[in-house]
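Some structures to go through are shown next.
Below, chain A partners chain B and then partners chain C, in two separate complexes.
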Partner chain A sequence: MEKISCKIKRFNGSEAWYQEYEVPYEKGKTILWLLTTIREEQDPTLNFTSACRHAICGSCAVRINGNAFLACNTPLDEVIETFDTMTLTFEPLQNFEVVKDLVIVWEPKMEKMKKVKPWLEPTANGSKETGFLQTEEEFHQIAAPTDCILCGVCASECNQLTVNQDGYLEPFILNRAYRFAVDSRDGSPEEHLRPVLENELWKCLHCMQCVSKCPKSIPLTDEIAYLRSETMKMGEMNNQGAKHAYAFHDDVKKKGRLNETMLPIKTDGLVHTAMTKVPFALRMIKKGKINPFHFPKEVEGIAGVRALYEYAKEVKD
Partner chain B sequence: MLAFDVVVVGAGGAGMMAALSASEGKDLNVAVISKVFPTRSHTGAAQGGINAAMRNRDNTDSTEKHFRDTVKGSDFLADQDAVEFFTSKMPSVIAELDYYGVPFSRDQNGRIAQRPFGGASSPRTCYSADKTGHVILHALYEQCLKNNVQFLNEWFLLSTVVEDGKLEGLVAMDIRSGKIHPIQTKSVVIASGGFGRIYWSRTTNAINMTGDGTAACFEAGIPLKDPEFVQFHPTGLANTGILLSEACRGEGGYLVNKDGERFMKRYAPEKMELGPRDLVSRSIETEIREGRGFGEGMTSYVLMDLRHLGEQKIMERLPQVRELAMEFEGVDIIKEPVPIRPSCHYMMGGIHVTDHETCSTPIDGIHAAGECCSVSIHGANRLGGNSVADVVFYGKYAGLGAKASAKRRQLGNAQRLAGETAKWEQEFQRIREKQSGISMFDIRNRLAETMWYNVGIFRTEQDMKKAYDTINQLINEYEDAYAGDPAEKYNMAFINYVELGNMLKLAKAITLGAIHRKESRGSHSRADYPARDDANFLRHTLVYKDGENYRHEYLPVTITKYQPEERKY
Partner chain C sequence: MKYAFFPGCTLESAAEELMISTKKVASALGIELIELNGWTCCGASHIQDVDDFLATSINARNIALAEELGVDKLLTVCNTCTLMLRTSKLKMDKNEKLNTKVNTGLNNIGLEYKGTVEVTHLLWALIEDYGLENLKKTVRVPLKGLKVANFYGCHILMPPNIMGFENHMNPRSMELVAEALGAECVDFDQRLGCCGFHAVFPAQKEVMNMTGINCLSPKDAGADCIVTPCPLCQMQLDAYQPDAQKGFNEDITMPILHLPQLIGLALGFSPEELAINRHVVDAIPALSKGFLPV
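Up next, the complex of A and B:
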């Protein structure tokens, strides 16, 4: 009979090791079934968390062969097919503190989440006695972001977070900020937006890991784009990210292409660029990677580019 | 020693509502202990909605109609003063939830949308798409963050310590460190949820719904009210028990046995698959018992065939159902029929609440709310959408009740608490050191099996007595149960061991209540007593545990407005 070999990362509070188990393959099962079978039939000391077993409580996310999944709604057959192997390596989510085996701690994340005031700051249009009126469209704006089950998959896979745990916010925290900022019942969107900006909102690397792995398909990167443009509307232009975005915007509008030489200067300012990027630029010039005397001309069809800008602006307004 | 004014046990809808109301004004030191991180609580699984006569969709609805529907649905076993209190104030609790930021679906006028639900004479179920419980749970958690409610997450309640009919405090384990703590507190709210897991694989409930708070109160001398009333849902997935929505049958799904026959023609020739939940559940089990199901034993099933609806209708009307069947049963309902079997869904019975305005119990200082207890507003059968409502509503009042108790009471006796803590420390030590014994998973599975077959959808005296004997034997075997993990920190095997002990006690109480209720009422359906018997049984059962002795009594039902009549739909 076919067997699945599982290598599970164990941790007992002080030591970590990988332990191997073999489970007879069964068709049509889930990853949670696999973990439960190991625990109940082979090793009761193995720990992981699960509760609802139908993708609503957010307890059961783990990493399999380097990718985060919800264990309960991920078909085993799909994982075998995707990775084209019967050998599966299990690890706890990244970017979380681990208590034991595959079990992680959430409290520090919730303390961090408090920065964005993850609760409704009600407007004066409603009251505790009467509630609110809200249109169907207004409800639809908060429908997707309130699907979040706090499973941690996005945070585990976020490449910025992996290198910048202290500075950057978990995508699920950005989602909470977004969710309240766009709620028609919330009277203080800036209270949710400002802390997002102050926590390096512009550092998202656009790696798309969060949005492609979210088990609830929440459009996290669209939300990040929205947060950026809203903070710019708040007049928050005096930060690297916004300046970078404006530099892009202006260059392409003027010439139809990016002036890469000027981009760091516009983003970081002349002094900062001179101090940090000049040595690097000099090395690049030496190797012939950039030509400092080349200033980009307008591309052919610049009129079309500008028309696109006008159109985008109309659509946005 | 840890000391609080109020401790709430449970962070589901009931627990968090209680914590919010008890901590309002910030004059008391309130803590919530929960064995899981708050947003993992089972309230999140509720999809359909929450009932309140808002009159947004139907202005002929009224709190009075909600009152009458609930009483009728309960097969007249609900206490009518409690139901009226609940239905009359429910609309204001929905407004409060709205103010807390719950994203309710809306109608064209911007008011909270409402949908029809079984047993309701008007469409009064408020909802947020198909994730109502989830969004309520998260909004309550956000409010708790806002109000700096203290959470002790992954703390497990072991005992409620009581002396001379009064609360002294609690004993709980911090699962992460493995340390067992006495907790002094002036009052508690138990909000530990249901216990469908006594039927293990045949339940829609989360893995941890084991009734720990209910068992702790039972052990401390509080009786269980009406434990025999257990609601079953006809269409759980065969492998896992996961709920497939009522909409499957509503949209025209067929139920088919292994001979390819639409067997409902034998039981409900007119309504066929659209018969009421309990009738359909009984029909499916009859087919299986009489050998016309697929598979064997606990893994038997029948098929629900939706293929004739066609791909388009399935994709339009039942996309969630298709996803669930695909993910959890590996079946695409467009192409294949899906294996289903009834699943235990909800416990009407639980901790005996004596005062519906404060949710107090017979023990001074202990209050209870949510599925762990029985107020009773659900009587013999709960209506869909009334549980989440019950949870937030009575959670709030239990919080206020506990607040008042805390202001009146003193902290408990530290010595008595230390004694109970030492007892649990020894027990933990014993289980960690135990090298062999009877597998606790085996005991758990045998409990589920006997409950499913003998105290499930059909009940007869003979079967239930057999179950009672089996449970007694399992209680004996439990003394030698083997958990298998010597660790101190995060020892979930020990937690599962304690949960199993709790389930055994609760199962025994359910069975005792069921044996003695010689009638059929609501969810309690007896083949040997098929009729309702108001002369003898229009009464609440109270099951007590005095040491190892289980006994029962009856308590009159409060009837204010609606005299019992035949329950016909």
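Up next, the complex of A and C:
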């Protein structure tokens, strides 16, 4: 009979080790079935969490072969097919503190979430008596972000968090800030946006891990783009991220293409660039990778490109 | 085989060696690349932060230019360009209201997005259109003994609903091409890592740390060089490597090749012909260790 070999990362509070289990393969099961079978039939000391078994409570996320999944709604057959193997390595989510085996600690993350004021700051356009009515369209704005079940998959896979857990916010926290900032019943979107900006919003690497692995398909990277846009509309332009984004935006309007030579200066300013980027620039010039005397020419049809900019402004207003 | 070609901004300056090697390899393989007249920057994953509608519009314009050439596919050699163009295409094809709105702007300047052209990457085209068997037949100098570490880069894999050429958690395309060229592929932790390039300004400290990790991981696995299908990954890992080294005690030196350069070597071009001498981290010693096609 076919067997699945599971290597599970164990942790008892001080020591960590990998333990191997073999489970007879059964068709049409879930990852949670696999873990439960091990605990019930082979090792009652194995710790993992789960409750609803319906992708609602968000407690069962684990990493398998280096990728985070929700155990209860992930078909075992799909994982076997994806990795083309019957050998699966289980680890707890990354970027969380581990209590025991596959169990992680949520409290510090919930504390951190308070930074973005994850609650509604009601507008003046409603009251207890009249209620806070929303149009259908306004409701749809919050439909996707409220799907979040706080499973932690996004945080586990976030490449910025892996190297910067203290400074950066977990994608699910950014989602929560977005959820209230776009809510038509919230009267103080700035209250959610400002802490997001102050907690290194511009450090998102665009690696697309969160949006690719979210079991609820929440468009997290679009939300991050929206948060950035909104902070710029608030006038928060004096930071590297905003200046960098505008350097691209303006270069395309001017010439159609990026001026790589000027990019650091537009992003960091002349003085900072001179202080920090000189060795980089010199080695680039030496290899012919930057030609300080090369300025991109206007692309053919630049008038049309600029007309698209005008048009985009018109339709927005 | 004929494609509309979207080079992207880096190929005009910092990664000119990718332009050189792509053209050499394409012509040796009999692939005709017709550069789009008047292409603009794809937005490089930044313009949508300022104006999402504009980002969709400029790439719909780029795709419309390709459609005018009457080809089936628009080909790029950059992960991020591919993702930006495909993002715009997916929105245009799926969202009728947006399509009409964007097309009104395009019509004003005498263009129309019809949705007739696919957006692809050279890596995909080699597998899907050219075929690995045919690629094998063109190899003149098998890269025997060369241990390559394939660094995919995020944007050729994710998000899967936009990219979707292969499973983003376990891709094989780079290995298939490298093996067809006779090279040996090493497995390493950071194979699907992120280079961090898009935040190298606001997150300089973190990204330099990542660069060091991305170089050490294949080094520990015994690789001679990294190969990547993305010029932005290449620039981050190569040009910033001396800066990243400052944060590490151990030597992180790792040469970084563009995918077309690896192919070019197997086709019998010299490193100079493929402009491998334009890299910041000298790749020639690593190539001459196991093999050098001269």
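Going forward, the second predicted complex is superposed on the first by the 309 of 317 C-alpha atoms of A that agree within 3 Å, B and C clash if a C-alpha of one lies under 4 Å from a C-alpha of the other, contacts with A are read in each partner's own complex, and residues count from 1 in each chain.
Methods note: contacts are C-beta pairs under 8 Å (C-beta built on N, C-alpha and C of every residue); 3 or more make two chains touch, one makes a residue touch a chain.
Note that this is a predicted model, so its numbers are computed, not measured.
Enquirer: Look at where chain B and chain C land on chain A after superposing the complexes, then choose clash or fit.
Expert: Aligned on chain A, chain C fits beside chain B.
Enquirer: Going by the contact rule set out at the top, does A:A51 touch chain B (first), chain C (second), both, or neither?
Expert: First partner only, chain B.
Enquirer: With both structures superposed on the shared chain, find the angle between the C-alpha centres of chain B and chain C as seen from the C-alpha centre of chain A, to the nearest 10 degrees.
Expert: Once the two structures are overlaid, it is 140 degrees.
Enquirer: So in the superposed three-chain picture, is A:P108 touching just chain B, just chain C, both, or none of them (first/second/both/neither)?
Expert: neither
Enquirer: With the two structures laid over each other on chain A, which partner does A:K100 touch: chain B (first), chain C (second), both, or neither?
Expert: Only chain B is touched by A:K100; chain C is not.
Enquirer: To be precise, I mean the smallest distance between any C-alpha of chain B and any C-alpha of chain C in the superposed model; what is it in Å?
Expert: After superposing on chain A, chain B and chain C come no closer than 18 Å at C-alpha.
Enquirer: Just which bits of chain A does chain B share with chain C as contact spots?
Expert: Common to the two interfaces on chain A: nothing.
Enquirer: Touching residues of chain A toward chain B in the complex: what are they?
Expert: Chain A residues touching chain B: 12-13, 27-30, 40, 44-45, 47, 49-59, 73-75, 77, 99-101, 103, 105-107, 110, 113-114, 117-120, 122, 126-136, 138-139, 142-143, 146-150, 180, 183, 185-186.
Enquirer: Along chain C, where are the residues that touch chain A in the complex?
Expert: 9-10, 12-16, 37-41, 43-54, 57-58, 61, 101, 104-106, 108-111, 154-155, 157-160, 167-170, 193-194, 196, 198-199, 201-203, 206-207, 209-210, 239-240, 242-243, 278-280
Enquirer: Report the residues of chain A in contact with chain C in the complex, numbered from low to high.
Expert: Residues of chain A touching chain C: 65-67, 82-84, 159-160, 163-164, 200, 202-209, 211-212, 221-222, 225, 228-229, 232, 239-241, 244-249, 251-252, 256-258, 260-261, 264, 267-268, 279-280, 283-284, 287-291, 294, 296, 299-305, 307-309, 311-312, 315-316.
Enquirer: Which part of chain B faces chain A closely enough to touch in the complex?
Expert: Touch residues, chain B against chain A: 36-37, 39-42, 44-45, 92, 94-101, 103-112, 128-129, 131, 134-135, 138-139, 142-143, 145-146, 151, 153, 176, 206-208, 240, 242, 324, 327-331, 441, 483-487, 489-490, 492-493.
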